[in-house]
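In the two assemblies presented below, subunit A is common to both, partnered first by subunit B and then by subunit C.
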Partner chain A sequence: MSGKVFIPQDKLASALERLNEKVPVWVPVSQGADRWGIDFKPFRAGMVPVMDRQSTALPKEVIFPQVQTLMTFEYVKAPEDPGRVQLKLEEPPEAGNALVFGARPCDVRGFFTFDRVFTEGPFVDNQYKDRREKTLFAVLLCREADEACFCSSVGSGPADTAGGDLWITPVEGGYVVEGLSERGGSYVQLLGDPATEEQAAAASRSQEEVSRQKVGSLDPSGVVQGQKDRFEDKDFWRSMVNQCLGCGVCTYVCPTCYCFNITDEMRHSRGERMRSWDSCMFAVYTQEASGHNPRPTKLERYRNRVGHKFSYFPEKYDGMIACCGCGRCIRSCPVSIDIRKVVENLKERSHACA
Partner chain B sequence: MHAHNPYLPELATVQEVIGETHNICTLRVVLNDPEKMKNFQFTPGQVGQLSIFGVGESTFVINSPPTRMDYLQFSVMRVGEVTQRIHLLNAGDQIGVRAPLGNGFPFEEMKGKDILFVGGGIGMAPLRTLLLFMLDNRQDYGDITVIYGARSPHDLCYSYEFDQWRSGGANLVLTVDTEHPGWKERVGFVPTVLKEEAPSAHNRVAIVCGPPIMIKFVLFGLKELGFEDDQIISTLEKRMKCGVGICGRCNMGSTYVCLDGPVFTYSELREMVPEL
Partner chain C sequence: MSLLSERLGWIVFEAETKRLHELVKAVLPELDGIVGWEQGFDALHATPVFVNREEDVHRLMWSPLCVHNLSGYLVKTPPFLPRDEGRKVGICVKGCDSRSLVALEQEKFLGRDRLHIFGIPCEGTVDWRRVMKKIPLRGVSSVRREGPELKVEDSRGVHSLPWEESLARRCLRCAHPNPLVHDVLVRDPVEPRIKKDEAYGLVEEMDQKSLEERLAFWSAELDRCIRCYACRNACPLCVCQDRCIVETRDPKWLTQKMGISEKFMFHMIHSLHLAGRCTECGECERVCPMEIPVTLMKEKLNQITREILGYEAGIDSQLVPPLLTFNPGEHEL
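For the complex of A and B:
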């Protein structure tokens, strides 16, 4: 089979080292021994990527850093008139290329939500666009769906290759890798020796098998109406979100959550304006200087979060659901709030009242 | 606005600071780039983000009309961190401006109609832009009635130009909540004065801005006078950061106040998710 290579399990690190010389590579690595704390980090020699379970945090950071400088500023004396103070603004340098190795289909799908908001205008976020265009994804065929996963319910699936540049298929003893895009394809030969007939066939079998899997059984149709019908039903929302601690972890681990804050930091006469991940689950997110808050309690905040993903976003972006079904919000929630349950209930109640 | 980076402000110089009330000041600013200042175009009702570098940004309506382009004017109430610092600005200070943002008033559709402005407190700021624009194009509009109220005479902004508004062709009705020595205009809450004035709803557009409680009762009053929902226009305020429809916080359902607003008709508002 042409264009497919095989990376033996014990050669993965050296393959990544070769790749990392061409393009900075990000890999999922574990911070500890347990299943938590798997995070995407820039590859360094000796790192062992965790390829057999989903990462806790996602590679959002690569394209949308948790804290990103939008500009730097400096107050300086006007050279011709030292009685006056001038301002100097500087934009940050352009980002470099990157390749995310071992992203799962849901990790990549998340950026589809970002793309609509950040690149379609009317205002284009060029810092995002720049990084997005320069970042490649080596997508892993996902065979590790758990009870919290529901990617097939929201237009994706464990064998989804959308947005991928390389496709990694785990097989006996290693990984078969093939190119999906032209840019991705140019790195394939670098990673290993050409796959044998058997390895290539094993990869194809695995891909076919996984592509037949349906992960999750949520049916999000009808939620837009449900959100409208049940918007004012405070008892319903309270019952869904009563135990919420407002910690915001659901938004931080979410591949489609893109809300950010903009703040200034200054020391002496210079500083920077930066954006950092924000969370709609925090009270201060919408709180105005006067003290007035249009979403004063967790009820309104959670209602907005569910609404945004399953109603408002589809309304604005021709039906597209702002959820990739990765299940991280369910898995990470300290009080186990399950967004699927909320969505199902919204629909049921909506039918019941129709 | 910089086309390639919507977050990057234009540098501007404060030309003048006018003290309006004990907690409201008005800034007149000029963009440092003379070309950009000359070519600056906007619609009354559009807003801008003012930057104090090192403190942050806040959203304010452009308070001067596009027909008077010697400077861009913003009225600022001292409420939070950024506005606190804005109140310390002096002529010559450097700030950042990202403007114009948002949609603005549909002034074309208002041509040939009678106009009613109802403003309370700092809510007069966006109305002033449109009012001056209309006075500068007086022949395009019918009767222009302005009902403007504040707690006391000292809380009324723009008092130094009331005479100009009147001589320019506005029927200006001023009111304060309680009697004050020397006050010769009306006394009473804005909704009450609206009832007393009772402007005809026929072929008229009402533009309302003020504190939420005032808006609530003004809406009742306008209904009684026969105003339909699409004859009533308001302009909203939200906590904003990016101002360009990306950062996510000023939404009401799928509508972004910074991008789709801040100006909405009452019929549009009724269709929106009620998170005011």
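For the complex of A and C:
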């Protein structure tokens, strides 16, 4: 009925096997029998997807791999003149299609931040754009928000379908799946039998119920000014991030962090140019060749992290906040730093100033 | 008597917290601040806090959720240390954390006379991921210990879990629950869970495996490493900080690649730099977002150090760590 299908819980793996024959599928799977965390991996027969909690690491990897070869190069002697050396460049093979099954609204939202930077020009990142266009998302209706989540505070929500191609709604005994985009819709029938009226109705009820939920109570308005007012206030930043360890967890589990590094790796006359995730929390992020570091301590680094997401990015991209409220930076932080608290405090101080 | 104290497990932590507040208030004017723990973003998490003013003392708390080893803050940039000679800073430590202080003093990173140590005998810290694995919780509102059980209240009701099953692996193999150095103790000392000789069970289990099996085990574990370096940064004895080999460009030791060999190299160097120094506080393993048992590598090296040199790190501040000395007469190496 109305293009919705039902996948019984015990048929999920076989449905994914059928889907995987058409398009390579990424699924959230456990990190190990005695582990809590889950992670997105390319589907293989026998894998059991874990759909009841948010992943620790991200499906960001599918479109923006942690390490990616941008090109390979080789210095070769010109046959007609061996004294002359030519540089041979080769682009890496084109990326293939992919479908991320069970991504949450926040996981998909993260790419909206990327899109503004990588696809809108003046410079378009073709490798990113290529993978982005070829990747579909089967978005899960999220009923697992916890104390670290705040997606509704930053323009999304647990029933957000933006950027999705398929919509997965957990119901009693399984999942109702429906198409959201044309491409996504073409895979629906393959996944299961048509949903019964009761199943379809149950899914609609759940969708309505979840879409009424407000996850998080952060109000980010006024932060742009707060960041400006408090930029030089070292005591404020110290009091906010004294406990930061300066590791890169928050950036590496963040769906919107897009900063990267480029390095050449060469052996003899051949090599490759690689792009790898960088982290603004690391000392070398802003280390200059002279030895000077404009962000010498964690204080300046964390200030930049908050500023970039809640102030500089919105200023540049018509108010869009570069945070999807997934809460991973809070949950995975070794010392439980809460970015919401920093944002709230920035605002309070700026009100006090006014 | 025992029944009463078991039933009032929750209140015991309240009592310890209250005692901590009293002890801190008594010396705060003489200190340039104190680092301890306060409630974190939910009932399952605490977070480190720096307190300078008496009106903030109430934020400090003690519970088995105070998982963080705070001693790293004393040595890592910018170090939390007294401003002037003759002044002190305060720090809250569990048994394991106190060993880091001893080790840092042994290596001359810290002077004992600069610290006022609030020691907290500890019956183990809770591993929130382990709890979640056992009981997938939604909307946790309170966590407390009731005798042999951890009681957790969430949106669906009250759940219980045997206390031992809620503890971090490091705590189940802890032979030093009582702070080895302290100015004051917040509560009475507790019985160690095990003897030190019993602490290397998992290492022995690994040793039973063939080389191929061990390689397969570590390859699968390290495959998940995202190179965030939380393990390194959380380690109070990882003192190279911004000069770490994984980031130096000249000389360049590691590439940015995500292969097993790069990750292996990093973790091996991390472990070898800690050989005979690591006090097994388990912070590297606790902070790993990918749940890789990275402390196990250091446990193996410590087991070797114990066997060959009869040495245990972070016990006696007067001893020189074996790998920080050179003795031409040593013949068993």
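Criterion: the second predicted complex is superposed on the first by the 349 of 354 C-alpha atoms of A that agree within 3 Å, B and C clash if a C-alpha of one lies under 4 Å from a C-alpha of the other, contacts with A are read in each partner's own complex, and residues count from 1 in each chain.
Following the convention adopted for this analysis, contacts are C-beta pairs under 8 Å (C-beta built on N, C-alpha and C of every residue); 3 or more make two chains touch, one makes a residue touch a chain.
Owing to the predicted nature of the structure, the values given are computational and were not obtained by experimental measurement.
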| task | Quick one: on subunit A, after the overlay, do subunit B and subunit C clash, or do they fit? Just give me the call. | result | fit
| Partner chain in contact with A:Ile38 - subunit B first, subunit C second, else both or neither | neither
| message | Looking at A:Ser290, would you say it contacts subunit B, subunit C, both, or neither? Reply first, second, both or neither. | response | first
| request: Please work out whether A:Val253 is in contact with subunit B alone, subunit C alone, both, or neither, and reply first, second, both or neither. | output: second
| task | Applying the touch criterion given at the start, work out whether A:Val343 contacts subunit B, subunit C, both or neither, answering first, second, both or neither. | result | neither
| query | When the two structures are overlaid on chain A, which partner does A:Val335 contact: first (subunit B), second (subunit C), both, or neither? | reply | second
| request: Would you check which partner chain A:Arg84 touches, where first means subunit B only, second means subunit C only, and both and neither mean what they say? | output: first
| field | Touching partner for A:Arg273 - first (subunit B), second (subunit C), both, neither | value | first
| task | Using the touch definition from the top, say if A:Phe231 reaches subunit B (first), subunit C (second), both or neither. | result | first
| said: Under the stated touch criterion, which partner chain does A:Leu99 make contact with: subunit B (first), subunit C (second), both, or neither? | reply: neither
| task | In the superposition described above, what is the shortest C-alpha distance between subunit B and subunit C in Å? Please give a whole number. | result | 7
| note | Intersected contact list for subunit A, partners subunit B and subunit C 261, 263
| Quick one: in the complex, what on subunit B touches subunit A? | 4-9, 11, 51, 53-58, 79-81, 83, 92-94, 96, 212, 237-239, 241-242, 244-254, 259, 273-276
| request: Please give the residue numbers of subunit C that touch subunit A in the complex, ascending. | output: 40-43, 45-50, 68, 72-73, 76-78, 80, 129-130, 132-133, 136, 138-140, 224, 226-230, 232-234, 241-242, 247, 249, 255-258, 283, 286-287, 289-291
| Touching residues on subunit A, where the partner in the complex is subunit B | 70-71, 73, 75, 84-87, 89, 91, 117-118, 122-127, 231, 258-264, 266, 271, 273, 275, 278, 280, 285-290, 292, 294-295, 300, 304, 307-308, 311-313, 315-316
| field | For the subunit A and subunit C complex, residues of the former touching the latter | value | 31-32, 34-37, 39, 52-53, 56-57, 66-67, 144, 146-148, 239, 242-243, 245-249, 251-253, 261, 263, 265, 274, 276, 279, 282-284, 297-299, 330, 332, 334-338, 340-341
